[in-house]
Amino acid sequence: MANRVRVAAFGEVMMRLQVPGYELLSQADSLRYSFSGTGVNVGAALARFGHVGFLVTRLPDNPIGDAAAANLRKLGLSLNLAVRGGQYLGMYFLENGFGARPGRVTYSNRQESSFNTAPSDAYDYEAIAASCDLLHFCGITLAMNDAVRGHMLRLAKAMKARGGKIAFDCNYRPAHWGEGGYSKAKPHYEQMLELADIVMMNERDMIHILGMTTDKTDRLEQLTELMPAAASRYGISVIAGTHRTIHGDNKHSLHGFLYKDGIFSFAEPRTFAVYDRIGAGDAFASGIIHGELSDLEPERTVRFAVAAAVLAHTVSGDTPMSGEGEILRAMTDANGDVIR
Amino acid sequence: MANRVRVAAFGEVMMRLQVPGYELLSQADSLRYSFSGTGVNVGAALARFGHVGFLVTRLPDNPIGDAAAANLRKLGLSLNLAVRGGQYLGMYFLENGFGARPGRVTYSNRQESSFNTAPSDAYDYEAIAASCDLLHFCGITLAMNDAVRGHMLRLAKAMKARGGKIAFDCNYRPAHWGEGGYSKAKPHYEQMLELADIVMMNERDMIHILGMTTDKTDRLEQLTELMPAAASRYGISVIAGTHRTIHGDNKHSLHGFLYKDGIFSFAEPRTFAVYDRIGAGDAFASGIIHGELSDLEPERTVRFAVAAAVLAHTVSGDTPMSGEGEILRAMTDANGDVIR
Amino acid sequence: MANRVRVAAFGEVMMRLQVPGYELLSQADSLRYSFSGTGVNVGAALARFGHVGFLVTRLPDNPIGDAAAANLRKLGLSLNLAVRGGQYLGMYFLENGFGARPGRVTYSNRQESSFNTAPSDAYDYEAIAASCDLLHFCGITLAMNDAVRGHMLRLAKAMKARGGKIAFDCNYRPAHWGEGGYSKAKPHYEQMLELADIVMMNERDMIHILGMTTDKTDRLEQLTELMPAAASRYGISVIAGTHRTIHGDNKHSLHGFLYKDGIFSFAEPRTFAVYDRIGAGDAFASGIIHGELSDLEPERTVRFAVAAAVLAHTVSGDTPMSGEGEILRAMTDANGDVIR
Amino acid sequence: MANRVRVAAFGEVMMRLQVPGYELLSQADSLRYSFSGTGVNVGAALARFGHVGFLVTRLPDNPIGDAAAANLRKLGLSLNLAVRGGQYLGMYFLENGFGARPGRVTYSNRQESSFNTAPSDAYDYEAIAASCDLLHFCGITLAMNDAVRGHMLRLAKAMKARGGKIAFDCNYRPAHWGEGGYSKAKPHYEQMLELADIVMMNERDMIHILGMTTDKTDRLEQLTELMPAAASRYGISVIAGTHRTIHGDNKHSLHGFLYKDGIFSFAEPRTFAVYDRIGAGDAFASGIIHGELSDLEPERTVRFAVAAAVLAHTVSGDTPMSGEGEILRAMTDANGDVIR
Amino acid sequence: MANRVRVAAFGEVMMRLQVPGYELLSQADSLRYSFSGTGVNVGAALARFGHVGFLVTRLPDNPIGDAAAANLRKLGLSLNLAVRGGQYLGMYFLENGFGARPGRVTYSNRQESSFNTAPSDAYDYEAIAASCDLLHFCGITLAMNDAVRGHMLRLAKAMKARGGKIAFDCNYRPAHWGEGGYSKAKPHYEQMLELADIVMMNERDMIHILGMTTDKTDRLEQLTELMPAAASRYGISVIAGTHRTIHGDNKHSLHGFLYKDGIFSFAEPRTFAVYDRIGAGDAFASGIIHGELSDLEPERTVRFAVAAAVLAHTVSGDTPMSGEGEILRAMTDANGDVIR
Amino acid sequence: MANRVRVAAFGEVMMRLQVPGYELLSQADSLRYSFSGTGVNVGAALARFGHVGFLVTRLPDNPIGDAAAANLRKLGLSLNLAVRGGQYLGMYFLENGFGARPGRVTYSNRQESSFNTAPSDAYDYEAIAASCDLLHFCGITLAMNDAVRGHMLRLAKAMKARGGKIAFDCNYRPAHWGEGGYSKAKPHYEQMLELADIVMMNERDMIHILGMTTDKTDRLEQLTELMPAAASRYGISVIAGTHRTIHGDNKHSLHGFLYKDGIFSFAEPRTFAVYDRIGAGDAFASGIIHGELSDLEPERTVRFAVAAAVLAHTVSGDTPMSGEGEILRAMTDANGDVIR
C-alpha cells in the first residue's frame, strides 16, 4: 500500500444485540453483542487497509463503555480522540431474516446516549483536525439533534480550515427524520455537502432530499442526469454509490458507480449470497475513500469498493473485516475453494 | 381484525428434541427442546391472529409437564381446558437435513404418553364445547388408539350438538397406521369427515383413504374431479390443501387450493427457501380457519394461508410465529430488506 | 392450598441482560436475557403458589414488548390487566460476581420506558381494583417519577375504596432517589404506608426514610423498638422483613421477622450458598403475602417466607421458581440428595 | 497394572438429558445428552484401569441407538457382546440442584425400552460367559421385569458354571419396586446373592431387603454385626460399601468399608466438594472390583475405591473418567495446584 | 453387504479446531474440535459400511492423545494397530467461508507431531500386514518427511509380500511439497504407484507429478488419453477420481470416473449444496474401495462413490458419516422430505 | 493516579485453549480461546491502572497472529513495539480442576513458535529502550532457548544503559528446564538479577536456583534470613513475593511480602474462593510494579498487590481485569453485595 493516511470518523457507537441464528426475540433467550456504527465501520475498515483509524465519539464511563472501548480497540481503531462521559450507549436489537421473512431491527432509546448528549465543549475540534488527514461524517449522525449537528459542523469547518479532506455519506434514514423529514433534512445536508470532498449519494438523495428534478424514470438515467449537477452545485470532487437489488434466497446484487472530474465509472453488477447485510454500505464507502487516498484509477476504485461491499455481506457483524489482499482477490476470483 | 373467536384444538403435545445445526445425534452432545403438535401449532397461530386459542390436551404432572405448560403459555395458548395426569410426554428427536441429505425424525414411545392414556373421564366434553366456537382435530390424533379416538368423537359430537364448528386436518401418516393402514383408517376418517365443516385434504387422501376413483393421472385434474364429490358425500363446507414440490437447495414450492360452495380458488404457486419445514402444514390450516372465521373472500383466504405456510418455513420450531400483519405483507412483498 | 386469591402487582418490567458465567462485559460476547421486576417476581411467585397473578404494567408494542409478554406468560402471569404502548423497555446488564469480586448492575435509560412514560389515562383503575383481591406495590416504582407515583396512588386508593388489600415493599434504592433522597422519598412512602395492609420494611427504612429515632445500636433491638411504633403510626396490620449477612464464598445468612397484632415472630437464621441473589427479597415478600392469604400462623408464615427466599438464591434468574411443596420441604430438610 | 482381565457388565443403557447449569426444565431450552447406566459406568471405569470392558445390553437399531453405540465406544467399552433390536432407549432428565435446592431426576417410560423388552433369545449366555472373567450385575436391573430378571439369572448361572466370577451391586431403588417393594425384591436379591462373589451392600440392604435384625442403632455397629452373617448366609467372599453424609454447600462425606475373610477394612472418611453426584457409587464399585482383580490388600482396595468415588463426584457425567494414576495420586494428595 | 473385510489406513491424526458459524478467528472466542485425517476418514467410512476399520498411527500419550483416541473409537475405528508416544498432535484451524469469501485453513506445526517423529521401530509392519486385507495410504503422508515415507514403504512392501491389497490416494498438496515440489515428489509417488492396486488420481497428477504429456487441452480428453498409459506403466488395477467445479452460493459439481480392465466408467455429474467441504475426497475414495471390496459393477461403484462424496459435503466435520443405505438412497432420490 | 508511566513487557504470547466448565478434553467438543502470557498479563494490568503498556513480542503473520493482535489490543496493550514473523503461536490446553481433581495444562510445541524462533535482528533494542520507562522480564522466557535469552539480555542491557528500570519475575517452572534444571538455570538467572531493580522471588528460588543455604526450616524464617543476602548480593532494590496455601473446595490463601531498603513489609494472609488460578502471580507482580511506580508506602504496595492477586483469582482468563478502584475497594471490603 502506497500511502498510510490518518483518518478520523465522527459518529455514534451502537451496541448491537443480535439474536443468534434465525429465532425471534420472543423465541430465544440469548443475544450476541458487538459494537458498531457508521464511523466505527469506516474507521475500522480503513485501519485494516493500513491507515490509522481514529474514532471521534463519546462513550459512557461505565462497564458498557469499557466493553465498547475494548471491542473498538480490537477492531483496530484508535480511541485517542474519543472522550468518556454521559451514561448510556445507544442499542439496537437485530432479528435475522430468512428468505421470505425480512430481518428486523428494534432500537432502544438513542437520544439520551452519551454521544447524543455530548455537551458543547465535549470535543477539541482543533486538536482533532490537527491529528488527521481526512474526516468522515454520515447522514445518520445528522439526523440526531441540534447539539450533535453543531459538533459535526464545527468539526468539519475546523478541518476545512486546516486544508483537510471531508468524506460524507448521505445515508438518509426515513425513520430517524420522521414525518416531513426530507424538508427538515435539506438545509443540514446542504451544509455538509458544501464542505465535503467525497460524497456517498445516489439519485434518490438528490431528488428527495435536495429537491432536484428529472423527467427520467429509469434509475440509471436519473443518476446520469443529476449527478453532474449535484457535484457542480455543491463543489464535490467525488460522488459514489450503489444500486442494490434484492432477490429471493438471501441473494442481492450491487451495481456501483463513481463520478469524478466529469466522468462516470461503473463496476459491473455482482450478484452474491448474503450472510449479514448490515454495514455493507460502510464497506463500500471505505473502499471509495481508500481508492481516493491511494490514487487508484476511478474505475479500479469503484470495483474495489464493490468487492469490499460484497465481502462485507459474507462476514458476521456490522464491521468490515477484509484486508486489501482479500478484496483484490475477490475482484477477480468470484468463488474459491478452501484456502489450505 | 374483525372477529375475535374462541378456538380450541384437541391434540397431543410432543416434546421436540432437535440437534442444533447440521450435526447428527451420533456427532452432537446437546439438543434444543420445544413443545409442539398439530393442536399446539394451530391454536397458537390463531391466538397470534387475535383469537382466543385453547388447547385441549393432557400433560403429565411432573417437571416435564410443567415445562410444557410454561412453553405453551409462552406461545399464547390458554390451558384452561387442559388437564394434568399420567406420567409421560411423547417425544421426538429431529436431525436437520441439508441439501441432498434429508432430515430425520426418531420417535420415542408415544402410546404410554399422558395424552394417549387419558382415562375415559379425563375431559369434560360439554364444558369444552361450551367454551369455544370452533374445535380443531387432526388425523395424527386419529391414528393413536381407540381411547383417543373415543375422546375425539365424543368431543366433536358434543360440539356439533351445540352448533359449534369443526375443523379437521386429514394429515395421514403412513408410519402411524402401519401395514394395511388405509383400510384401518377409513371408517375413522369417515366419522370425522361427516362431523367436519372445514377440512384440510387433497386428492391422495380421497383416493387412498376414502377409496374414491378417477381416470385422471395429473394431480390437479384428480383434485378438480374428486373434491366436489367428497364435499358432497360428507357434507363438508370448505375443503383446502396444498401441493408441495421439493427442489434441491432447501427450496420448496407450494400450490394452494380451496373448494367452497362449488367453486375452486387457487393461490399462485410460490417457491421459497426452507429453514424449518415441520409445522408448515399447520400454518396453512390456521390460515384457512382464520380466513373462514374472518369472512375473507375464498381466494384471499387461500393466498393468506399459503403466505402463512411460506413464512412458517422460515421460522425456527414447529409452531408458526407470524402475525396477521407480517403475513399480509408477505402476500405482496416477496423479499424485503432489513426492517429498521 | 386453601384459598385461591386474585393478586395483582403493579410495576415495571425490566429486561435483564446477563453475562453468562463469570466473565465481564468487556470479556464476553453473549448475553442471556429474561424479563423481571418486583411486580413480575411477586406476581409469578404467587401464581406458582396457586393464586391468580395479574401484572399491571405497560409494555412497548414492538418485538421486545412481544418477547416480554411471551416470557411473562411463561412465568404464569396473566396480562389481562396490562396495556401496550410507548417505545422502550427498561434494561439492566448484570455481571456476576465471584467470591471477593462483587456482581455489577448497569442500567440503561429507564425514564423513557413504556412504563415510566405511561399517560394519565393508561390504566383503568376501577377495572383493575374490581379484578383482584390484593394489590402489590414497591418502593422502586415509587422512585421513578411523578406520573408513575400518581398511577400508584390512584390505583391504591381505588383498591382501598373497594375494600381490597394493599401490600407494599419499601425497597429503598439510594441510587434511584439520588442525593438527599431520604427526605425526597419520605412523603411518598408515607402516603403508601397509610394505604398499606402488609408492608415489607426494616429498622433502616424507619430510621432513614421515616425519620424515626432510637438509642439502640443493635439492629435487632432497633427493630423491636421501632416496629410497633411504625405499625401504629401508619395503621399497618403486618410488617415483615429480613436481616441479611454476607459471608465470603458466596454464602449469605437471612434472619426473618414478622410483626402482627403486637407480636413478633422470627424464623431461625439460615446460612446458605448463593447462586443468583437478585429477586430473593421478592420471594420473601411473596411468601409473607401467601402466608397471610392462607391464614397461616405468623411464625409459620415467616419461616415459609425465609425458605422461599433461600430457594430463590439457588435458582437462575430474578423470578422465584419454587412451588409450595418445594418450599415446605426446604423448611425442614436443609440438604437433600438428588430426587430420583 | 498387574492383571488385564476381561470384565462384562450386564445392564440397561440410559440416555441422560441434562439441563446445563442450574436452570430448571421450565426455564431452559437446551439439554446436554450422554449415555450411561450402572453397567456402562462400571465397565468403562474398568476399561480405563486397563481391563477389557464389555457391555452386555440391547440397543435400538435407529439413530438414537447409533448415538448410544458411538458414545459407549468413546468411553472405551467394547460392544462385541451387545445386541441391537427393539425401538426405544430409556431416558432420564436431570435438573442440577444447588445448595439447599436438591437436583431432580424425571424418567421417561423405561418398560418399553429395547433392553427391557429383549426377547428370551436375545443374548447368547454361553458365548458371553466364555468371553469374560468377571460379570457385573446390579439391583436396578433386577427391579425391571421378569424377562430381564430371567436374563440376569440365566447369564449368571452360565458364568458360574464356567467358573467365572460374579459381582453384584444391591443398589436398591425404592421408586422402582413400588409399594411393598422390599418383600417383592427379597427372593430376587437372594438368588443373586447366592451366585455372587463380590457384593456392594450395606446394613440397610440387610435389614430392609434381607430381613436381618439387630438391636444396634448406630449404623456402623449394625454393619459390624450383620455383615459377617450375610457373608456367611449367602457365601459371599467380599462385601463392600459406603456410608454417605450430605452437608450443605454441595459437600458430601464418604466412609468406605470392605469385609473379606472375616476381616473389616475401612477407609478414613473423606469430605469433598461435589460437582456431579450421579454415578459415584459405580466408581466405588469399580474400584473394589479392580482392587480384587489386582490382588490389592483389602485396606488399599477400599481406599482406592473411595478415592475413585471422590474423583467421580468432581467429573461431569455419570461415568467415572479417572485413570489408575489419578486415583492413586488422589489417595494421598487431597488438593493439588494446576498440573502444568 | 456381502463381504466384511479388514481394512487398515496408515496416516496422521489431526486435531481440527473450527470457528463455529461464519466468524473469523479474530472475531470469535470459541472453537469446536474434532479429530480427522485421510486415514481416519477412509477407515471410519469403511467401518460404517460394515468392514473392520483399523487406523495405523501414533498418538501422544497425554490428554490430547486420550481425547483423540476416544473420538476415533467413537467414529468406529479400531486402535488395536495404533501406538502411543511422542508429545504433540498436528492441528489445523478452520474458518468457514461463505459465498464469495473462501474458507481458510491455518496449520500449526506438524513436523514435530507424534506421527511425524515416530522412531524407526514404532510400528510392527508384519503384525499390521497380517491383521488386514487392504491397506490405505495417501499422498499427504508421503509429503511429510523421510522417516514417515520409510514407514509407508516398508509397510506397503510387507503387505504386498503377504498378498494383501494396497489403495493409494495421490492427494497432492502443493503447500506441503514447497517449491519445485513436483520433481521432489515424483520418485516417492512412483514407488507407491508401483505397489498400489487401487489408485485415486486424475490427469493433473499424471501431467504434473508423473510428467506424462498430452496434446489435449480438455480435462476429460486428457484423462481418457493418459489414464490407460498410467495404469499400464505402474501396473494399477483400478484408477478413479473426480472433476470438481465450484459454483457461487456454496454449490459444487462432481463428475466421477473409474478406469478398470481397460474400460472407463462415469457417474453422471451432480450439482449440490455444500455444508462442509473437507473430507469429501476421502468419502469418494472409501466408496471406490467399498465397491471394489464388494465386487460391484464398476459403473455402480463410481456412482456409489460420488453419492458418498455428495453426502459427505452435507455433513459436519471431515469424516463421512453416511451408511450404505443412505448412500444407496442418495444415488436415486436427490432431494427428499423429512423422514418421519 | 499520580504517575502515568510507559511500561514494556518482553515475553511470548500463548493461545490458551480452555475446555469450558468442568469437562475433560476427552468429553467435550468445544474450547474457549484467549491470548495470554506473563508479559501480556503484566502489561495489560498496568495499562488498566492507567500506564501505557507495550508488549515486546513476535507474532505470526497469519490469521492466528491477527486474532492474537486483535485480542491483545482489546486488553489495552499497545503493539507498536511488537513485530510479525514466523509461523506459529505457542498454545496450551487447559482442563479446569474441581475440588479434589486438579486442573491440567497440556502444551503444544512451543520451541517452533514465532517468539522462540525470532532471528537475531528481530527487535530494535535501542528503540524499545527509548520508548519506555520500565521493562518487565520473566523466568519462563529465560527457560526457552539461547536465542531468546540473548534477546532478553541485550534488551535489558540497552535499557540499563539508558537508565531505565528492570523488573524481573523469577517464575521458575521445573518442566521447562528439565532434569538438572536448577544448575542450568543459575547463570541465566544471575545475569538477570544483576540487571534487575524489582524482583519477584521467594526463599525457594534463593535456595534451589541461587544455591543459598539456611538452617531454618520454616518458610517465613528462611525468607527473612535469605532475602537481605540476595538483595545485597545482586544489588536489587525491591524483592517481593507470596506464599500460597491450597485448601480444599477451591479455596487458596496468599501471604504477601516485600523487602525494600532493608525493611520487610507484609500483607495479612487472605483466604478466598478461586475461579481461575492462572495468571494470579502476574497480577501480584503488576501490583508491586504499580505501587513502586506510584511511590506508595511499601506496606500499602504489598497489600495492593495481594488484593490484585485475590481479584485475579475471581476473573475468567489469565489476564487481570481489575482497575485500581476495584482493587482499592477489595483491600478493605472483603465481600460485597451486588453493586446496583
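Every chain is named by a letter (A, B, C, D, E and F) in the order it is written, and numbering of its residues begins at 1.
Definition applied: contacts are C-beta pairs under 8 Å (C-beta built on N, C-alpha and C of every residue); 3 or more make two chains touch, one makes a residue touch a chain.
Since we're looking at a predicted model, the values are computed, not measured.
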item: Type of chain A:chain C copy interface by residue overlap (half), same or different; value: same
item: Chain pair repeating B-C, as identified from D-F, D-E or A-C when over half of the contact pairs by residue number coincide; value: D-E
item: Far-end chain from chain A, centres as C-alpha averages; value: D
item: C-alpha-based rotation, chain C on chain E, 0 to 180 degrees, nearest 5; value: 180
item: Most distant chain from chain C by Cα centroid; value: E
item: Chain C and chain F, separation of their C-alpha mean positions in angstrom; value: 46
item: In chain D, residues with contacts to at least two other chains; value: 24, 26, 29, 70-71, 74, 104, 249
item: Chain B - residues contacting chain A, complex; value: 74, 249, 251, 271-275, 310-311, 313-317, 321-322, 326, 330, 334-340
item: Footprint of chain D on chain B - complex, ascending; value: 17, 20, 24-26, 29-34, 62-64, 66-67, 69-71, 87-88, 91, 93, 95, 104, 106, 108-109, 112
item: Partner chain E, residues of chain B touching it in the complex; value: 21-24, 26-27, 92, 94, 97-105, 107, 173, 175, 244, 246-250, 277-278
item: Residues of chain D touching chain E in the complex; value: 70-71, 73-76
